[in-house]
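Chain nomenclature is as follows: A, B, C and D, assigned in order of appearance, with residue numbering initiated at 1 for each chain independently.
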Amino acid sequence: MRLYEFEAKKILSEFGIPVPQGKVITSSEQAKRFAEDLKKPVVLKSQILSGGRGKAGGIKFAQTPDEAYSSAKELFSLKIKGFPVEKILLDERLEIEKEYYIGVTLDRLNYKIVVIASSEGGVEIEEIAKKHPEKIKKIGLDIDEKLFSFQAFGLAKMIGIESSDIRTVGNIILTLWKLYKRYDAKLVEINPLVLTKDKKIVACDARMSVDDDSLFRHPELEKMGVEKRHEEGEMTQREKKAKEWGIPYLDLDGEVGMFPGGAGFGIMGNDFINYFGGKPANFMDSGGGPTPERLAQMLVLLDENPKVKAIFGARFGGISRCDDFAKGVVIFLKEHGLSKPMVLRMTGNMWKQGLEIFEKAKKDNPELFKNIEIHGIGTPIEDIAKRAVELAKKAKK
Amino acid sequence: MAILVDKKSKVIVQGITGTSGRFHTERMLKYGTKIVSGTSPGKGGQKVFDLPVYDTVEECVKNQNADTSVIFLPAKFVLEAAIEAIYAGIKLVVVVPEHIPIFDMLLIRKEAKKHGSTVIGGNTAGIITPGETNIGIMPDIAFSPGRVGTVSRSGSLTYYVADTLTRTGYGESTCVGLGGDPVLGSTFNEILSLFEEDEKTKAIVLVGEIGGVYEEKAKETIKKMKKPVIAMVGGVFAPQGKRMGHAGAIVEGEMGTARSKLKALEQGGAHIAKTFLDIPEILRKLRI
Amino acid sequence: MRLYEFEAKKILSEFGIPVPQGKVITSSEQAKRFAEDLKKPVVLKSQILSGGRGKAGGIKFAQTPDEAYSSAKELFSLKIKGFPVEKILLDERLEIEKEYYIGVTLDRLNYKIVVIASSEGGVEIEEIAKKHPEKIKKIGLDIDEKLFSFQAFGLAKMIGIESSDIRTVGNIILTLWKLYKRYDAKLVEINPLVLTKDKKIVACDARMSVDDDSLFRHPELEKMGVEKRHEEGEMTQREKKAKEWGIPYLDLDGEVGMFPGGAGFGIMGNDFINYFGGKPANFMDSGGGPTPERLAQMLVLLDENPKVKAIFGARFGGISRCDDFAKGVVIFLKEHGLSKPMVLRMTGNMWKQGLEIFEKAKKDNPELFKNIEIHGIGTPIEDIAKRAVELAKKAKK
Amino acid sequence: MAILVDKKSKVIVQGITGTSGRFHTERMLKYGTKIVSGTSPGKGGQKVFDLPVYDTVEECVKNQNADTSVIFLPAKFVLEAAIEAIYAGIKLVVVVPEHIPIFDMLLIRKEAKKHGSTVIGGNTAGIITPGETNIGIMPDIAFSPGRVGTVSRSGSLTYYVADTLTRTGYGESTCVGLGGDPVLGSTFNEILSLFEEDEKTKAIVLVGEIGGVYEEKAKETIKKMKKPVIAMVGGVFAPQGKRMGHAGAIVEGEMGTARSKLKALEQGGAHIAKTFLDIPEILRKLRI
């Protein structure tokens, strides 16, 4: 889960790593005022949860408070990857002599924490890795191993830091590793770490991502206002609602509403829809053995979404029983009704009993089921996906 | 034969007195899984379904020669539970809970390697050798004994695959849930190597998904294998930078895309299945 | 370096380990007052830096505030191992059902930190080890290894703690290990750890000793009022003075003043004096290459001590040169004079030049040297020690 | 021959730009010790007595094949310095500073063992192979080449012993300062075993003192040795519970008394010397 640049810099700064003088602003007036206070040229950086901010025009420089005002105004009217800029970090503009990269990340494959440094700061580390792999220096550590100062000094030395600066840069590397461990991070990077014209070492830009699953032991992050969020991009209103309900849910661009069981099938089902010429409107995961209440919430999310033209339902009764599942859906249909066509396949544990429940409910009230097609083990799931795509196309016309 | 577990596996349930520990213990017993005891520190001396409850895993090992453990505890207690099992000499630790902190898994993995134990999960549906033992939360109904080994990061996909293999008469030797968490106790490589050595297994189905690099890395092992591997990877159309249900299912930067995984697996020599129906078809072509 | 019981208990308590309600008192009136506040039978425990307090009568029980008053009065008039009781810890008296031992200590030989527990609390662990080695359970850990909760629970289990209490006791063991690591301790023990009649687990007595050499990273101990001190017994006035001067110095019982070079020879020289029938008045270490000022301070400590009847001096010129040493001693003799007889041997680097300096000074002012015998490499150090014993005996008559 | 160091040892000084680093570097150079360079992070590129100063030990090893290091730094920097040397592949690390925190020494020792390095000290006067190399702070004047190996926890006693051996014509093969700190990089056992294997060494003088258990433990090794060991232990009349100059010289409880040490050493077969004069006498009786 990614932190905003200003959050990451706040943490760096609390750990004693020098960052530019700066402030988060939410209005153009604030930009002007703060630029006046600073009495320096400034840089205005849109605070968004994604890379490529520069290319999207999300960063602007300003010489005067008035320029800061107008730049901020421009940025606040900008949408980056579909999301409006709501916060800007206004930093003093550094006079840069040289840029470096330092970072700490996770090597999942080798189960190591990797401390990385490069003389080629200012570009993405993946790019440096492609173009100048020899300019990247690494130390891999086990989770219970310590990074020693001398190792950090050595790393600084290896990327060409002057002897007189290796303690300063080495200590920043060491601090970065400590901070990584302290916050259960997945990634912390300073890119670029800057040597300014007046020979200061400053963390010009910072990126930090923490392990969502360790948040329970980091109440201090919550105190800072850091809540569960995406690794990239902002949450939509519907995603926030789903989050409140505890349902893993993502909005996507398409028209087929996904009502699956299980995260794995949720992911694969989305592919199926695409394979068969459709586009899913969402990703969703029911969790194991969803309650009638949860089933209702899931269907509400789809029913209320105008983009959804048809619903693809799939249920493999495992631990949870298909009869319970069918009962839950029927309750929902009776109480709320469903305005979209749905094709549903139900198989696994007690699937026959489940189908019987549906059959009975349909007999009692055919109207509720007029847009719903229910299949059992006889129909491959692939055919269900195809049918959902068809239904969506038909509904669109 | 089978890999990792069979009818002789002596299983303990860590967290047996909890709601889900109790629920799944009953299910597993019904399947025939040889559960010998359970643990719950502070509740030693109690009984659950006539099984003794101990305070420590060490007692389970001493008193009943337990060799396998399945953990049903909240994520934050898994570090302690898994390492307790490892130190006590348990050879296979099945971590069912999801959302285990990454740092905890790093330490669990390190201790497991040091002590010669195998960990599967976190967020695994478990491991089943159909007809012999079912350890975890996998629904019996989908599985039948047979000759295909399955290893998957997802529970639900595992069931669809098993169902497909059952209905087409192949069945499974052993089905291993690798787990949906970002850092896992075992890798595809390791499980593939076990299947390669297993007499009963004639082919392997590998089911991957976005996130991490375990699938990419499997390429090297697949290259060296004699048995055919059929690979399926979910998330070809997954969005960037967003977790999809599983803690580990997220494309971060250029890492972990389904396309890069499929490419690597194909380069390794795996047969790619796009849908479940492709699996029996490929098996038929391979004359398995 | 040992902490007082009340200091150790304060630390335990800060880490969440239950200790008896208690207070440190320095007067009998306070004892009465606090016993009144407590409204319970109490125990009065002399706060001294040594074991065997109980046998020496340093612990008393009192049922009423008046009894507390009179018991405190008795204790304050007591001397334990020669030191007056100045502080008493007044604790609520626990009703004890069962006593355990738990502790963490250092195994220097195997370079391990050892967590120890025993069902036989209330007696010294060395005694338990002799009588019931099977009743002691241990876990050895490397410095970079972690004690896991389950290991602590297991230890509790092994010493016969009831299942229902193993979490409580296990967590205390775990905390004890954390506290040991946190404070660079050499020893932390709770003995006895008590199960009270009303089924509470309480640290009835505690002992803690920390690594003197790590104090620089524990300013919090200084803040608590913990200063460098002995492992056992209080410092004398003269020891405190030497400490201020930065001179390793101990008061001993004899009459031969020790003016050696080097800690090792300081220790061995004391043995020599004993071997030859004398008793040293002190231990002292000059450090390498002492300055004239330090030499003066060392001699002042001996000259001012009425117990010292004669002085045994030894100098092996190593890194430091004997000529510099001789100069320093001569300066002292001229400025202060020495009221005790001294026999001194000087050898090693530049010993001849050193002797010449002494010879010259003696010629200039024989009076200063009338009680001083100076030897060179020709006389074995053993003979010098014998001569010092002789001189002391003569002076005593 | 000699143990641990000889004229070929390529020595670096960690902390060479400090006052005592500089002072002792000059002394050691004068003796003939082959000092190749020194370190001081942040001062790379400077020179001290024409020796290059580097930022890291790694550079000393790469550029000059250094194999031995002597540390002249305040106690609190020793952990980093010693482990840097060990990681860089230095085979012998001589820790001169005293009062190294115990926990730091535990880690240094662990890393040294893991990487196959030997650490002596803290609070060692160093190590000297007379006539060849002198590493640390031992005064040249007391030593002469010869056939007795010495290992001692105290600098000053080392000098008296060396002086005695020099004046009686025995001289020393190598003299090792084990160090006066409570937890040491090497033990008596380890140094004794090295002397046992050294051709030039005909007998060993072991000088112990109160505190710790290294002397007691030496019993086992002495029992197995062919070469005679003469042992001297200071502190027979030492008070209880009080540090005597050296951080490690303290009797705690029943542990670390000179009497228990002497008893163990004698049981091991060591010849006990009460005073320095006893040493040549015992050597004569042993016909060394």
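What we mean here is this: a contact is a pair of C-beta atoms (placed from the backbone, for glycine too) under 8 Å apart; a residue touches a chain by one contact, two chains touch by 3 or more.
Computed from a predicted structure; not experimentally measured.
Chemist: Could you tell me which pair, A-B or A-D, is linked by more C-beta pairs in contact?
Modeler: If we tally the contacting C-beta pairs, A-B comes out ahead.
Chemist: Where the CA atoms of subunit A average out and where those of subunit C average out, how many Å apart are those spots?
Modeler: Chain centres of subunit A and subunit C, defined by C-alpha means, are spaced 59 Å apart.
Chemist: Compute the distance, rounded to whole Å, between the mean C-alpha positions of subunit A and subunit D.
Modeler: 58
Chemist: Just curious, how far off is subunit D from subunit C if you go by their C-alpha centres, in Å?
Modeler: Taking the mean C-alpha position of each chain, the two centres sit 27 Å apart.
Chemist: For subunit A, give me the residues that contact two or more of the other chains.
Modeler: Residues 144 of subunit A touch two or more partner chains.
Chemist: Counting only chain pairs that touch, give me the topology of the graph as line, ring, star, complete or other.
Modeler: other
Chemist: Dump the list of chain pairs that touch, please.
Modeler: Every pair of chains in contact is listed here: A-B, A-C, A-D, B-C, C-D.
Chemist: Residue numbers of subunit A touching subunit B in their complex, please.
Modeler: So the residues of subunit A in touch with subunit B come to 2, 49-51, 106, 108-109, 111, 113, 126, 142-144, 181, 184, 186, 211-214, 216-217, 230-233, 248, 250, 252, 260-268, 270-275, 280, 283, 285, 288, 316-319, 347-349, 377, 380-382.
Chemist: Name, in rising order, each residue of subunit D that touches subunit C in their complex.
Modeler: Interface residues on subunit D, with respect to subunit C: 24, 27, 75-76, 99-103, 106-107, 109-110, 137-139, 141-142, 152-160, 163, 180-183, 187, 207, 209-210, 212-214, 217, 232, 234-247, 249-250, 252-254, 258, 274-277.
Chemist: Hey, which residues of subunit D end up touching subunit A in the complex?
Modeler: So the residues of subunit D touching subunit A come out as 41-45, 55-59, 80-81, 83-84, 87.
Chemist: Under the stated contact criterion, what part of subunit C meets subunit B in this complex?
Modeler: My answer: residues 148-151, 153-154, 157, 163-164, 166-167, 170.
Chemist: Residues of subunit A touching subunit C in their complex?
Modeler: On the subunit A side, the touching residues are 144, 146.
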